[in-house]
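Down below are the structures I want you to see.
Okay, so subunit A shows up in both of these, paired with subunit B first and subunit C after.
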Partner chain A sequence: MKPLVEIDSLAVDFTTPDGVVNAVRGVGFKVEPGEILGIVGESGSGKSVSCRALLGLLPRHARVGGRIVYDGRELSTLTPAELAAVRGRQVSMIFQNPSSHLDPLMTIGEQVAEPMKFHFGLDRRAARRRALELLEVVRIQDAGTRMNAYPHELSGGMKQRVLIACALACEPRLLLADEPTTALDVTVQAGILRLLRTLNRERGLSMILVSHDLGVVAEVCDRVVVMRGGEVVEQGTVTDVVRQPRNAYTRELIDSQPGRLEMSSGRHARPAPLLEVKGLRVRFARRGGTVAFGGDKTQGIDALADVSLDVHAGETFGIVGESGSGKSTLARAVLGLVDTSAGSIRYDGRALAGLDKSERARFRRDVQMVFQSPYDSLNPRMRVLDAIAEPIWRHRLADPGEAGERAAELMDMVELSPALARRKPRQLSGGQCQRVAIARALALSPRLLIADEVTSALDVTIQAQVLRLLARLKEMRDLTIIYISHDLAVVRRFCNRVAVLKQGRLMEVGYTRTVFESPSSEYTRELIASAPDLDALRGGAVPA
Partner chain B sequence: MPQITYIGRRLISLIPVLIGISIISFLLVKLSPGDPIRLLLGPRATDEAVAAVRLAYGLDEPAWRQYFVYIGNVLEGDLGRSIRYRLPVSELIVQFLPRTLFLIGYVMAITIPATLALAVIAARTQDRLADQAIRLFTVLGMSVPVFWLAVLLGRYFGAELGWFPVSGWGEGFTGHLHHLFLPAVSTSLWLIPLLVRNLRGALIEQMESDYVVACRAKGLPEGIIFRRHILRNSVLPTLHLLGIMVAFLIGGSVVVEIVYAVPGLGALMVGSVIGRDYYVVQGLTLAYAVGTVLVTLTVDLLTAAIDPRTGR
Partner chain C sequence: MIDATAGPAPAPRRPGTAEIAVGGIILLGWLVMALGADWIAPYDPNAIDLRGILGAPSPAHPFGTDQLGRDVLSRVLHGARIDIWMGLVGVLAPLAIGIAVGLVSGYFGGAVDMAMMRLVDITVAFPFFILVIAIVGVLGPGLMNYFIALALVAWVAYARLIRAEVLVLKRAEFVDAARTLGFPHRVILFRHVLPNALGPILIYAWTDALLVILAGASLGFLGLGAQPPTAEWGVMIADGQPYVIQAWWICFFPGLAAVTLGLGLILVSDGLARRHQVDQ
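Moving on, here comes the complex of A and B:
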C-alpha cells in the first residue's frame, strides 16, 4: 500500500535575532492509511515543529527544507490556495490547549460549521445541521443547546471535543493531534483517547499523535517515532520500541517513566503524627459577588469540606486529585496562606491557631513549600545564590555573608554546579530552576517539605532526576514530605501513604499499596483505570 | 441571560455615579468665591435688595435643603438662569449642544473608517513599507499640537486657498458639513494616530494567537480569518479608548471651537467661565458629566454585545 504521508529529510530552521536555530534536521517517517503514528519526545525535540511543518503552519520566519509528500503530492510545491484546500479537507489538526485554539467570541456551533461552509460550500443551515451531528459524534451531551454556547462556557475536555469536531468536519483522511490531552485531567484524557481510537477504527482516520507521554502513545499508537534534539533517534512498532529499545536515549526515556522508576520511598516512618488535620473546611466567596451588590460571605464554594488526615513524621505523604480537587488549597491552608472556616490543624501536637508570635516564626521555618512553576516562584532579578541565601538571613539565622556560604553548600547538596551561582532564573533550565527552589526551601532546615506538583512542568527524564534527589534529601535531612500531584504513577512510586481528593472532599486515605491495589472508593478506581500505563501496551503486558 | 443581568447591574451602578455628579456640580457654585447674588444685581445693589433676593432664591436655607431643591429643579429640567444671556441655562444648552454633537459625529465619521483602514493595512503589512509609512504618520500626528494644526489648516485651506470657511457653522446640513470640515479634520488628525497605534498593536497580537493557527489548520482563507476572527477580537481595547476620547471631546472640543469660532458648548463654557456666569458653568458641568456617563455606558453595552464573557 502507498503511504498516506511520506516525510523525507525534513529540516526546519528558525531565524532568530541570535542567529539561525535548527529546530529539526533530517527527519523522515511515513504514515500508512488507517494507522496511528506516535511521535514522542521531550520539550525542544522538534516533534511539534515537524507536525506543523506538514500543514505549513509554522511562523513566517521558519525555513522548511526536505520533502513532505501527502497522497502523492509534494506539499511544498502547492500554491497557498491549493494548500488551503488540503488543510482541514485532507489533513486537519487538533492542539494542546483547547481553550486558546477556539475563538472566544464565536459560538462553538459556528466554529464547527465554518470549515464546511468554505470547503463544501454549504449554506448556513446545512452547515449547522452537520455541525450538530458532529458534536454528537464527539459525544458532547445536549449538543443542540451547546451549539450556541461560547468556548468559556465549556470545560477543557468539552473544548477539546469541539476542536476534534472542527477537525472532523470535512472528513479529512489524516488527523494531526499535537499533545491533545496534555492540558486535561487524567479521567478526561482517558475519554478523549478513547474517542480518538474509536474514530480511527470506525472511520479509518489516520493519525499522527504527538506526545511527551510515552504511556499515552503506548495506549493509542501502532508505531512510534522517538525524537530528540530535532532528530529521529528511533522508530518502529510501539511494542518493539518499548520492549527492545535499541537507542540509549529511548531506554532512558522508558526507564524514566514514573511507573518504571526504581525508588525506595524509605519505610521507617514513625507512626507519631507530625501534622493532624481535622474537619478542615475552606470556603471561597462565589465569583461575581461584588461588594456593591452585597457580596454575601456566607454564600460560597467549599474548596475543601470536612477533610481529616494525619501526616506521620518521616513519611512521604501523597495527595492526588484532578484540577479543582482542592489539593493545593490544602497545602496553602496548612501554611496559613488561606483562611479556614472550620476545623483544626495541629503541627507537632500544637494547634496552629494558638501559636504565639515566636512559635509561629518557628513553624514557618519548620514547614517549607516548593511550587509547580520554578520560574514563577523565583524572583527573576535575583541571582540564584542570593535567592537561596535570602531566607537564612531574613530569619536572622546568619549574617548575609555566612548565609551565602551556606547557600553554596545547599547548591552542592541539590547537585547544582557552583558555576551557576551567579545566574538568574531565566538562564537556567526548568530542572535546574526547580533544584534552586528545593535548595531555597531547605535553607531553613525544615522538618516538613510540601512539594506542590514540583515535577509537572518538567520533562520525564528530568522528573526522574528530581524525584531521586528528593528521595535522597529525605533520607539525608530526615524530612517529612507532602507530595501533591495529579500523576498517579509518580505518587505510587514515591509515597508511603496517599490521600485522594475530589472536589474538595477526601475520597480515601491509606497506605499507597492498599489504595492502588484495592481502592475503596469508586473514584479512585476510575482514576487508576484512566492513567495511561506503559505496561498496558496494546500488545499486552510486558514481562518485568 | 447573564448579558441582561449584566446590563441591569450596569444601569443600577449609574445611580450612585449620578448622585455624586449632582453633589459636585452643586458644590461648584456653593463653594466658588464671590457672591452670585451681587453679580446678578450688579455692583450698586443695596444690602436690603441682596437680602431680599437671597430670601427669594432660598439661599438662606441650610445647604442640604438647598441641595434637594437643586435636585428637584434639575429633575424638572430647570438648571437656573444665565446672568449674561438672561435665558434659562437649559435653553442655552439646547441651543449650543447640537453644534458640538454635530462636530463630534463628524469627527467620528472621519476617524472610525480612517482608523480601521490604516490599522488593518499596517497590521497586514507589518514591518513593510506601508506599515512604516503609517507608523511615521502616527508619530507625527501625536507630536503636533491640535491648536497649532487647526491654525495651520485654517490659514492654508481657509485663507490661502479659500476652499473652506474658517469660522461659524453654516446653514443647513451641507452648510454645516462645509463649515465644520476643517475643525473636524483637525480633531480627527489628533485622534487617529492614537487609535491606529492601539488597534494595530491589538491586531498584531491577535494575529499570533492560537485560534488563528487553528483557523488556518481548518483551511480558511486568510481574508476570512482576518475579518471574522482577528478583527472582532481586536476591536475592544480600541473601542474603550475611543469611548474615553469621545467623552473627552464633549468637554474638550474647546480649542477647536475657539480657533474656528464654532458656537458650540466649548465656546459657551469658556465665555461663561470668563464672564463668571455661575449657573451656566454649573449646568454645563452637569451636562458634560452626564454625557461622559452615557458614552461609557454605550461603550460597555457595545462591549457586552461583542464579547459574551463580559460581566462574569
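Moving on, here comes the complex of A and C:
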C-alpha cells in the first residue's frame, strides 16, 4: 500500500538574531493509511516542528528543505490553491492547549459548524445538524444543549473533545495531534486517548501523535519515531522499540520512565510521627461577590475538607491527586502559606498554632519546600549562589562570606557545576533551576522537605536525574520527604506511603504497595487504571 | 549529570541598546551644559542690555537677545539647570511616596489597601494639571510649592503601578519560597518583591520626567512656577510671547531645548521598555 505521508530528509532552519538554528535535520518517516504514528522526544527535539512543517504552520522566518509527499503528490510542486485544499481539508490538527484554539465569543456548536459552511457550502441548519453529530462522535454528553455553551463553560477535557470535533468537520484523512493530553488530568487523558483510538479504528483516520510521554505513545500508536536534537534516532513498531531499543538515547528514555526507574524508596520509616494533620479544613472565599471586602468565608468552597494523616520521620510520603484535589493546598497549609479554617497541624508533637517566636523560627528552618515551576521559584534578579546562600546568613547560621562557601558545597551536592554560580535563573535550564531550588531548600538543614510537583515541568530524562538526586539526598541528610505529584508511576517508585486526594477529600492513605495493589477506593482504582503504562503495551498491532 | 554543565549562555546583544545610547548621549549633553553653564554661557543670563534688545541671532549672540537685551543662549543654558532639577525632584518625590504606598497596599492588602486605594481614586478623579495649579494657587507661586503639589498629586500613578506589580509578584513561587525560608516581611518586600516590581515603574518614570518638566514649564508660563527673572524655559517662552512676530528666537530656542531634552528622556524610556519586554 502506498504511504499516506512520506517525509524525506526534512530540514528546518530558523534565522534568529544569533545566527541560523537548525531545528530539524535529515528527518524522514512515513505514515501508512489507517495507522497511528507516534513521534516522541523531549523539549527541543524538533518533534513539533517536523509535524508543523507538514501543515505549513511554521513561522515565516523558517526555511524548510527536503521532500514532503502527501498521497503521492509532493507538496512543493502544488499550486497554493491545491496546497490549501490539502492542508485545509485532508489534514487537521489538534493542539496541547485547546482553550487558545477556541474562540471565546462563539458557542461550540458554531465553532464546529463554521468550517463546514466554509468548505462544503452547507447552509446554517445542515451545518448545525452535522456539528451535533460530530459532538456526539467525540462523546460530548448531552451534546444538544452543550452546543449552545461557550468554551469557558467547559472543562479542559471537553474543550479538547470540541477541538477534535472541529478537526473532524472536514473529514480529514490525517489528524496531527500535538501533545493533545499534556495539559489534562490522567483520568481525562485516558478518555481522550480512548477516543483517538476509536476514531482511528472506526473511521480509518490516520494520525500522527506527538508526545513527550512514551507511555502515551505506547498506549495508542502502532509505530513510533524517536527524535532528539532535531534528528530521528530510531523508528519502528512500538513493541520493537520499547522491548529492544537499538539506540542508546532510546534506552535512556525508556529507563527514565518513572515505572522503570531503579530506585529504592529508602530505609524503612521509624513509626514516630513527625507531622500530624487532624481534621484539616481550608476554605477559600468564593470567587466574585465580595472578595474586595475580605470575602465571605461561610459562602466559600472547601479546598480541603476534614483531612487527617500522619507523616513518619524518615519516610517518603506521597500525596497523589488530580488538579483541584487540594494536594498543593495541603502543603501550603502545613507551611502556613494559607490560613486553615479548622483542624490542627502538629509538627514534632507541638501544635503549629501555638508556637512561640523562637519555636516558629526553628520550624521555618526544619520544614522546607521545593516548588513546581523551576523558573518561577527563584528570584529572577538573584545570582544562583546568592540565592542559596541567602537563607544561611539571614538565619545567622554563618556570616555572608562563609554562607557563600556553604552554598558552593550545596551546589556541589546537587551536582551543579561551580561555573554556574554567577548565573541568573534565566540563564539556566529547567533541570538546573530545580537543582538550585533543592540546594536552597537544603541550606537550612531541614528535617522535612516538601516537594510539590518538582519534576512535572521537566523532561523525563531530567526528571529521572532529579528523582535520583532526591533519593540520594534523603539517605545522606536523613530527610523526611513529602512528595506531591499527579504522576502515579513516580509516586509508586519513590514513596513508602501514599495518600490519595480527590476534590479536597482524603480517599485513602496507606503503604504504597497496598494502595497500588489493592486500592480500597473506587477513585484510586480508576486513577491507577488511567495512568499510561509502558509495560501494558496495547498498541503494537501492525495495521491491517 | 547531563544538564549540569550545558545551558544557554548569556545573550550577547540586548534590544533597546541603540535607543538608550542615543537618549543617554542627549541627556548627558544637557547635564554637562546645565552643570557647566557658568563656564559655557558667553554672558550672565540676567545681564540686561537695553541697547541690544530683540537682537536677531548673530555671531555675538548666536540665539539672539530678548526684550531686555539678555543673551538667549546663556539663558537657555542656565534654564537647563532649573528644568533638569525640576524633572529630577518632580519624579523622585512622588516615586518615593508611590513606592511606599504601593508596596504596603499591594503586599498586605486588606483594610490598608482599601483606604489607600480610595485615596488614589479621589486623587485621580481630578484632572492632574488642574489639581496641581489649584494646590500651587493655594500655596503660592514658586518652584518649591510646585514640587509639593507634584508630590501630593503624582504619587498615585506610581502607587497604582507598584501595587499592580506587587499583586502579581506576591503570588510568585519565589515569594512563597522566601516565606517558607522564614524571611521577615521587610526582607521579602525590599529584597525579593521591590527589585522585580521596579522595571515598569522606572520606564514610566523617564516619561513622567518629561511630563513634569513640561508641566513645570507650563506653570512658569502661567507665572505660577519659577519666578522671573529666573532663567527657566517656560518663563522664557512666556516672556517672549508678546514679541513672537518680531523676535521668534526668544520662544523658539527654549522650546527647542525642551523638545531635545524630552526626546532624550523618551528614547531612554523606550529602550528600557523594549529591554524589559525581552527580560520577561
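Convention: the second predicted complex is superposed on the first by the 529 of 544 C-alpha atoms of A that agree within 3 Å, B and C clash if a C-alpha of one lies under 4 Å from a C-alpha of the other, contacts with A are read in each partner's own complex, and residues count from 1 in each chain.
Note that contacts are C-beta pairs under 8 Å (C-beta built on N, C-alpha and C of every residue); 3 or more make two chains touch, one makes a residue touch a chain.
Because the structure is a prediction, the values reported are computed rather than measured.
Trainee: Does subunit B (first) or subunit C (second) touch A:Leu385, or do both, or does neither?
Mentor: In the superposition, A:Leu385 contacts neither subunit B nor subunit C.
Trainee: When the two structures are overlaid on chain A, which partner does A:Tyr150 contact: first (subunit B), second (subunit C), both, or neither?
Mentor: After superposition on chain A, A:Tyr150 lies in contact with subunit B alone.
Trainee: Check the residue A:Met106 against both partner chains and state whether it touches subunit B (first), subunit C (second), both, or neither.
Mentor: first
Trainee: Mind telling me which of the two, subunit B or subunit C, contacts the most residues of subunit A?
Mentor: C
Trainee: If we overlay the two complexes on their shared chain A, which of subunit B and subunit C does A:Arg394 touch? Say first, second, both or neither.
Mentor: So A:Arg394 only meets subunit C here.
Trainee: With the two structures laid over each other on chain A, which partner does A:Leu337 touch: subunit B (first), subunit C (second), both, or neither?
Mentor: second
Trainee: Have a look at where A:Ala361 lands relative to subunit B and subunit C in the superposition and call it first, second, both or neither.
Mentor: second
Trainee: Applying the touch criterion given at the start, work out whether A:Leu416 contacts subunit B, subunit C, both or neither, answering first, second, both or neither.
Mentor: second
Trainee: Report for A:Leu10: first if it touches subunit B alone, second if subunit C alone, otherwise both or neither.
Mentor: neither
Trainee: For subunit A, give the residues common to its interface with subunit B and its interface with subunit C.
Mentor: In the superposed arrangement, which is not itself an observed complex, subunit A uses residues 292-293 for both subunit B and subunit C.
Trainee: State the interface residues of subunit C toward subunit A in the complex, per the touch definition above.
Mentor: Against subunit A, subunit C makes touches at 1-13, 110, 114, 172-174, 176-183, 187, 191-192, 195-196, 279.
Trainee: Give every residue of subunit A touching subunit C within the complex, in rising order.
Mentor: 17-18, 292-294, 332, 335-337, 360-361, 364-365, 367-369, 371-373, 376-381, 390-391, 394-395, 415-417, 419-420, 423, 426-429, 431-432, 435, 437, 440, 444, 461-462, 465
Trainee: Quick one: in the complex, what on subunit A touches subunit B?
Mentor: By the definition above, subunit A touches subunit B via 55, 57, 81, 84-89, 92-93, 95, 97, 100-106, 114-115, 118-119, 150, 152, 163, 166-167, 169-170, 176, 287-288, 292-293.
Trainee: List the residues on subunit B that touch subunit A in their complex, please.
Mentor: Answer in residue numbers: 9, 13, 209-211, 213-221, 224, 228-229, 232-233, 306-309, 312.
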